[in-house]
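In the two assemblies presented below, chain A is common to both, partnered first by chain B and then by chain C.
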Partner chain A sequence: MIATKEFDYEPGEHESEKASNSYLMSLVAIIAGLPLPIINLIATFAFYMGNKNGTYFVRWHCTQALLSQISMLFVNSYGFWWSVSIAFTAEEITNKYIAFILAAIIFNLSEFIATVYTAIQTRKGKHVTWWFYSEITNLICKANK
Partner chain B sequence: MEVQRVDMFIIANGKFFESHQVAIVRDRLLEVDDSKWAIIQTLQFKNPTTMLIVSLLAGSLGIDRFMIGDTGLGIGKLLTCGGLGVWAIIDLFMIMGATREKNNEKLQTVI
Partner chain C sequence: MQSQQIKKPFLQSVLIVISFFLVWFLLNQISWMKLFEIKKNEIRTEDKLGKLYWKSIKSSEIEVSNKIILNSVDSIIEKICETNGLNKDKFKVHILHNSQINAFALPGGHIIIYTGLITHNDNQDAVTGVICHELAHIELNHVMKKLVKEIGLSALLSAASGSGGEVIKKGSKILSSLAFDRSLEKEADLKAIEYLRNASINPEPLANFLYLLAGEERGLLESLSWISTHPVSKERAEYIIAEINNAEEYTSAISNSTWQALKMEIQELD
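This part shows the complex of A and B:
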């Protein structure tokens, strides 16, 4: 699922720091807006925009972090509004709801662990690639010519 | 400029620039005429660590952005109370890099 690969070049100290911060961004933003599932995405997107003129290594990891947050948004938003409708309307808790919330928790937890691991490894200058996300990132993020 | 002089500058001011920019800055300085040394010496660079402390203490008021010269962003941050806290958190991670970029821009305008 997660693999450490060789990058095109050896990233510098500050590059590794910035790339690692792109993953930390999503975790720290939880403090600011825990009930809302979109805050993490906004924070990661803002960081991505701030580094869009950065080096290839930084941009690559910002893109991967952003993509992971986008996929989380759909799952979390659906779960959030389903929970809100149960809390404030006549809708009742069903087996489907419990199954969805469990799946969402597992998805969030695995994403959280992967993000923490990637942030640590990227800080050391290692190029950590995620299954599926890294392929899309390679398509989106191109090296400077 | 002389290699010794440039290396002295890099030792003293290297921490104010991105690590991947230091080599480029050194090469550029070597090409620069000796007459610009006086101006380069008088340049005052912002310390990224100081900016991080300012961002930590007064980030939601945009003081950090004002200090590095991003007045527009500073006003935006001030009026939105640090983007309701989110922008202030983002800037905690970005301000050091932004400061180093500004320092590089400042040096580039002279050389």
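This part shows the complex of A and C:
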């Protein structure tokens, strides 16, 4: 699911730090944004916008970090509003709801672990690519000609 | 080359979606409701809330302790429970000395009946019908649904844990004065007819009582509190009439002499 690959060039110390920060940003935002799933996406998007004119390595990892947030946003938002409807309307807790929340926790936890690992490796200047997300990132993020 | 580049992530995205739904489906095979004892905890919370609401109502009303009155109403409930396979121990009936025509259900199986409902009704089957309607609200879990909708689950849970005096006051007011959704009312009415039929009691007096209330509704009689909690009486009377089968043979929940004694005892209270 996660692979370390050769990047087009050897990233510098400053680049590795910035690229690693994009993952850390999403982690901090996950913790801060737990009650509202949109917050981590907004924070990562803000970091992405701030670095869109950065070097290829930085841009590439900011994009991958942002994309990984988007897919979880759907799951978390659905879970969030389902929980809100249980708390404030006549909707009842069902087996399906508990199963959904547990599935969401499993996927969020996997993403959390992967993000921590990627942040550490990227800080070392390694090019960590995620299954699916790296393919999309390659389509979106192109090297400066 | 370009299409190959797009095809691969597209297939991967489909796989991710499928894997999520698969995990969800597999987790759904485990009975989490039983594992976490959710239903048991819900019942415990409902019982606690019921006690708190009843305490709050009791503090501002006079509860009837006359044995004849209590036993007569108890006989009506016993008849309904017996003929419908309902657990009578689940229901806690409280009769309040109040001239308003009102009856309502609280969480935890508490049923509040005002003496006004009995004194203003000449036909005991109408009173039985109203009681059946309240039993139906409890059996169909309408009370908790209404409270959660009006107050919110989190507020109710804090109230049940003993830290929400205001919530209890608000809840008591909601349960005694606000209406259920029209769909819930109809559901309770139809269930009440089913209870009455199983007990061989004529549902027509209940419909007549609703017609009467519909007429009085226009007169805005203050004593008719049951209208505010159970609105659109005429429409309700009509679908009850539609359900009535004239070919059936009917009886009453209690004997005529017991009914008369009940009314007399209440009049003496006044």
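Assume the second predicted complex is superposed on the first by the 141 of 145 C-alpha atoms of A that agree within 3 Å, B and C clash if a C-alpha of one lies under 4 Å from a C-alpha of the other, contacts with A are read in each partner's own complex, and residues count from 1 in each chain.
Following the convention adopted for this analysis, a residue touches a chain if its C-beta (ideal position, glycine included) is under 8 Å from a C-beta of that chain, and two chains touch if they have at least 3 such contacts.
Predicted model, so just to flag it, every value in this text is computed and none were measured.
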{"item": "Clash-or-fit label for the pair chain B, chain C on chain A", "value": "fit"}
{"item": "Which of chain B and chain C A:87 touches, first, second, both or neither", "value": "second"}
{"item": "Touching partner for A:39 - first (chain B), second (chain C), both, neither", "value": "first"}
{"item": "Contacts of A:71 with chain B and chain C, given as first, second, both or neither", "value": "second"}
{"item": "Partner chain(s) touched by A:98 [first = chain B, second = chain C, both, neither]", "value": "second"}
{"item": "Degrees between the directions from chain A toward chain B and toward chain C, using C-alpha centres, nearest 10", "value": "130"}
{"item": "Which of chain B and chain C A:136 touches, first, second, both or neither", "value": "second"}
{"item": "Touching partner for A:107 - first (chain B), second (chain C), both, neither", "value": "second"}
{"item": "Where chain B and chain C come nearest after superposition, their Cα distance in Å", "value": "26"}
{"item": "Those residues of chain A which chain B touches in one complex and chain C touches in the other", "value": "none"}
{"item": "Touching residues on chain A, where the partner in the complex is chain B", "value": "11-15, 18, 21, 24-25, 28-29, 31-33, 39, 42-43, 46-47, 50-51, 55"}
{"item": "In the complex with chain A, residue positions of chain B that touch it", "value": "18-20, 84-87, 89-90, 92-94, 97-98, 100"}
{"item": "Contact footprint of chain C on chain A as seen in their complex", "value": "71, 75, 86-90, 93-96, 98-100, 102-103, 106-107, 131-132, 135-136, 138-139"}
{"item": "Residues of chain C defined as touching chain A within the complex", "value": "5-6, 8-9, 12-13, 15-16, 20, 23-25, 27-28, 30-33, 36, 38, 145-146, 148-149, 152-154"}
